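Chain naming follows the written order as A, B, C and D, and within any one chain the residues start at number 1.
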Amino acid sequence: MIKAAIVGGTGYTGVELLRLLSKHPQVEVTVITSRAEAGTKVADMYPNLRGHIDLVFTEPDVAVLGECDVIFFATPHGVAQNMMSGLMNTKARIIDLSADFRIRDVPLWEKWYNQPHGAPDLVAQAVYGLPEVNREAIRTAKLVACPGCYPTATQLGYLPLIENNLVDPTRLIANAASGASGAGRQAKIDNLLMEISDSFKAYGVAGHRHLPEIEQGLRDVQPAGAAPVALTFVPHLLPIIRGIHATLYATLLDANKVPDLQALYEARYANEPFVDVLPAGNLPQTRSVKGSNVCRIAIVRPQQRDTVVVLSVIDNLTKGASGQAIQNMNIMFGFEETAGLDVVALMP
Amino acid sequence: MIKAAIVGGTGYTGVELLRLLSKHPQVEVTVITSRAEAGTKVADMYPNLRGHIDLVFTEPDVAVLGECDVIFFATPHGVAQNMMSGLMNTKARIIDLSADFRIRDVPLWEKWYNQPHGAPDLVAQAVYGLPEVNREAIRTAKLVACPGCYPTATQLGYLPLIENNLVDPTRLIANAASGASGAGRQAKIDNLLMEISDSFKAYGVAGHRHLPEIEQGLRDVQPAGAAPVALTFVPHLLPIIRGIHATLYATLLDANKVPDLQALYEARYANEPFVDVLPAGNLPQTRSVKGSNVCRIAIVRPQQRDTVVVLSVIDNLTKGASGQAIQNMNIMFGFEETAGLDVVALMP
Amino acid sequence: MIKAAIVGGTGYTGVELLRLLSKHPQVEVTVITSRAEAGTKVADMYPNLRGHIDLVFTEPDVAVLGECDVIFFATPHGVAQNMMSGLMNTKARIIDLSADFRIRDVPLWEKWYNQPHGAPDLVAQAVYGLPEVNREAIRTAKLVACPGCYPTATQLGYLPLIENNLVDPTRLIANAASGASGAGRQAKIDNLLMEISDSFKAYGVAGHRHLPEIEQGLRDVQPAGAAPVALTFVPHLLPIIRGIHATLYATLLDANKVPDLQALYEARYANEPFVDVLPAGNLPQTRSVKGSNVCRIAIVRPQQRDTVVVLSVIDNLTKGASGQAIQNMNIMFGFEETAGLDVVALMP
Amino acid sequence: MIKAAIVGGTGYTGVELLRLLSKHPQVEVTVITSRAEAGTKVADMYPNLRGHIDLVFTEPDVAVLGECDVIFFATPHGVAQNMMSGLMNTKARIIDLSADFRIRDVPLWEKWYNQPHGAPDLVAQAVYGLPEVNREAIRTAKLVACPGCYPTATQLGYLPLIENNLVDPTRLIANAASGASGAGRQAKIDNLLMEISDSFKAYGVAGHRHLPEIEQGLRDVQPAGAAPVALTFVPHLLPIIRGIHATLYATLLDANKVPDLQALYEARYANEPFVDVLPAGNLPQTRSVKGSNVCRIAIVRPQQRDTVVVLSVIDNLTKGASGQAIQNMNIMFGFEETAGLDVVALMP
């Protein structure tokens, strides 16, 4: 059993980590911190954990954290980067669910997040935690930067097309929709049931922070000589709690020489425990992954025209955050990659 | 007061017609038909109409219908076309909310709807009832074919770009989402709350019947010499009752010579009572039109790149069906175009 | 045309007042105040009002308010009472949607609302604005205290039983459920979609502020000699925006001498424009009143045992707040009681 | 590993059995039947099971079923009773999730279910599968009749009060609300999202089939000499998929001699793995048990008056059906009672 700490455990990614880790056969959560709720029992805040977790929120303390084997940061961006220098020399390995170490280009990060980075020297040491791309580097990483929710669904959907340079990388369009829990547990008018249930809207059309992360991730897998990826990314807000649905569009570079796309996708993900390519003719729905770490994907070429459409769904709190963090942990510690994550989605 | 009949009044477009017509100052609904519910009081089926409508469903009878001033067909496709020949010589003017007369190319209709057309000779007499394009022809039409819900939101969103040939018409992408009432009042597993609430999915990606209708409508407004419109259309199912949200993508033909798009849209719709171009920086949400006949539109050019994004929302039952039908009726009979439609959307 | 002011117009009862008053034939809203949003256009906050209302929020100013014919207070409790003394000598008649003047027993109010009352001397001058009980007093009232949402649904449901002393008044049980908009437009974690959608719970079981209001209202209509009403009131939170459903239980005093309850209810409400007693065998649903000012009621005596069950539904923002306020205004100013309120509920 | 069969596996209790049994360490599902879907892969119907279950629906065959160790009937009422005689002599032990064997009084069953019982002689052999009452009898039962969803939540809520004769048993009121999945996977208009989302209503007020089941269950635990239980039961339909919330009312027999109710409940359920009495002051919410087999309960005595209120929540598909069935199986086969059921509810 390794010892795990969760920093910033009152949010939705925190409770999702606890839901999954409480049943993980090789992990014991020993520390969970929250400045605001220090002293509160976790199960008083999240009654689904009654009988499963008997922890109390504590103030974050670097000395205590450093004695754990793994630390999950489930904090808003800006927090992990400022605690990181004190933790890099401890035995703890760190998995940051926030955006702090996802983007390697520090000025780009600072532009999109509109603040100076607190640990720019450490950014290069972080491994981007998308196992389907970086599994080997993750094994030995000291610090893993977990991908965002939209970037996970979008990259997994585009990977086979981009890796094989089958589509025009400069005209990608990712139309994505997220459940409301992606906004976090924040007391804002915009997150009230009365404001967002029974409605649907786009947001951040002029620019969303996940755009540079997706572009970086896709550029990383392009073959030499390909024009660099440029993406139009439009997120939307769904009146549900969990789920991301990405509808990805790309233009075939050569509509006369298109490989069997279904076979291509199936081969690319044949050994991936958490990517499920649906049989041809099936389309994914977010409920089919609710509470599970799976990404389900379909690829369609409508009317045999030159635009292909990829549909990709995940649970934003699981494969889009806490489940993927645990998948990374499993890889880092040599556990079975599916340990603690072999969960059937809740449906209906 | 003119006399109106509704054929096939048990569905959601039927009750929406009644909701609006019951308050219209110049219309009296005198006949409402349903084979299945003949003899049932309308208000027993739709309790919101108690105290507002005192009608009983009757069997459809061409003789009775023909004495009305206007007949609304709120039937599934295939019904109106087979009753139409008997009505063309009556005094009644006809507004068909179904797909029967929307597509001028009869073989194309037959291909997409997978059945022979019952009145191919009458198709050419139908006027496509999108007032923002065909207002003058509607005034004198005997038979108006009301546009579909997706086509309404999509065409209104694209019109200014296409009419001015500003974007590549061969690479249009319409990513749209509809509330579940678009599926009609049918007892199917796919429409159960347990199957579609708390979830989101695409459907009809390989081909949807609204695709040829949208392409026809957009081609009609292209300037001479433009390459014909080709569209990738991907509809999605929202876990809400009402609302369509279309996210429309287009590539600027000349990114160096782009007019002020906001001004272009505002000018195009300045005199349209039911199209609202939002101020720059605002994005529409479906709830802002719930129960109203308005289409709200925003146009964005993210990152000043060469892809423009148009957001367009309507209520699928109102501007997407019954409200637009009444707008057509108002035009046909010389009423104030907003008569009976001056309704504030229900929000929150 | 009379001139109306709305104090505290940014909340959900404020926008609901505007939705209805903007179409009222005899009222013009000339002032709408908000300390927080002074200077903001109303339609920027509530886009459903674009094209219908062209007002800007202003700071509340007693001199300006006093020149209006009617002032609606759509403020949290505690506000109206502290502005009231300055308004009592103006020409304006006042309709307070908050709880400030609902309870005649000032110490009881102070106990439940946990603060001293700011205008105890004015409480006796307020008329409780339930038209179905107090219509005559409302006509001439200077100050009307609009009932709460739960009290409206509950009192209208119980009235015929209590007025006729048919049930044991000391054992009443009101089990009620409200849409989330009853909590107001407040940025609290408890109101987030992520916390309350896809769930259901009771709250305030140990004591809710609407309990003393309901007990007062029911005691007012008891015949002489009846034991005073005592109620167990349990509110619940529905994962929808609008709607109150009250399930009311009462024990028949003499199970052998029970009048025709259906006929009793129909007779009691025969002349009430906004109370609809459903035909025997029908049960109400909240959607049948969404956006309308109607209360729909059914009465059932299960198994012919001695417990009767009354079902009563309203829209908490309409008959439970803003619609009832306008109904009161219509009575006060001698307008048709249904003016501006002849709206069909939005269904589906 | 024991071998399990599921009869009628296409419904929601079927897929819920599969979700849980696929992770049960001591059970292998070897047969799943469906007349309508014979030949279909289970995971094609329920994509959440892709990668977890590799079964195909087959026609029900008594010979095949009889070779399993346990058979779950997840069929509508009327099916199990007609297949039961052929199975009673096989080695299989049977857990019926339907209503067929819940009520011992056969004529009473026939009255409420409006059909003759197909196996009246076997009714007496069935053990009512509420482990918190009948655990010992369940251990050795050949045939277990799983309780209904409402009866489970209601009985667990009332048990301590009734067993100790603390309340008037003749005036019980159970006001309960269920998620829509309780209606099963049936293609009916009444179950469409468009009909039941965004609304709330009571149903079956005049009489619901769970009433006699609850009365029987509560009478079974009454002490000698108590007046027999009589219940007013009013179910309501929630616009969510899963969850039952029961709000239970009872009148204290002697308001001056009331034991510490909180302590009474905690003691009664101290050793029950799936009943969680919340700390005083907490109220349960359905989401806290979503997907889990737990029943969470609170007891309140409002205003210290003589009416007590018990709040009880379960997931209707888990503790209200399939989870409880597995709990019964665990008891019958001597497994750890929580095997396969140690699941954290999905929240948010």
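The working rule: contacts are C-beta pairs under 8 Å (C-beta built on N, C-alpha and C of every residue); 3 or more make two chains touch, one makes a residue touch a chain.
Only a predicted model underlies this, so the values are computations on that prediction, with no experimental measurement involved.
Engineer: Hey, which one of B-D, A-D or B-C is the same interface as A-C, over half the contact pairs lining up?
Structural biologist: Matching pair: B-D.
Engineer: Any idea whether C-D or B-D has more C-beta pairs in contact?
Structural biologist: Per the contact counts, C-D leads.
Engineer: When the centre of a chain is set as the mean of its C-alpha atoms, what distance in Å lies between chain A and chain D?
Structural biologist: That gives a centre separation of 37 Å.
Engineer: Could you work out how far the Cα centre of chain C sits from that of chain D, in whole Å?
Structural biologist: A distance of 39 Å separates the two centres.
Engineer: CA centre of chain B versus CA centre of chain D: separation in Å?
Structural biologist: 46
Engineer: In chain D, what residues contact two or more other chains?
Structural biologist: Residues 12, 181, 194, 197-198, 239-241, 284-285, 287, 290, 348.
Engineer: Inside the complex, what are the residues of chain C that reach chain D?
Structural biologist: For chain C paired with chain D, touching residues are 171, 173, 175, 177, 194-195, 197-203, 205-207, 230, 232-234, 236, 238-241, 243, 245, 247, 249, 251, 283-287, 290, 298, 300, 302-303, 305, 307, 309, 311, 313, 348.
Engineer: What part of chain C is in contact with chain A in the complex they form?
Structural biologist: Interface residues on chain C, with respect to chain A: 12, 180-181, 185-189, 191-194, 196-198, 239-241.
Engineer: If we count contacts the way the header does, which residues on chain B are in touch with chain C in the complex?
Structural biologist: 12, 15, 18-19, 22-23, 46-52, 181, 198, 241-242, 276, 278, 282, 284-285, 287-292, 294, 296, 317, 342, 344-348
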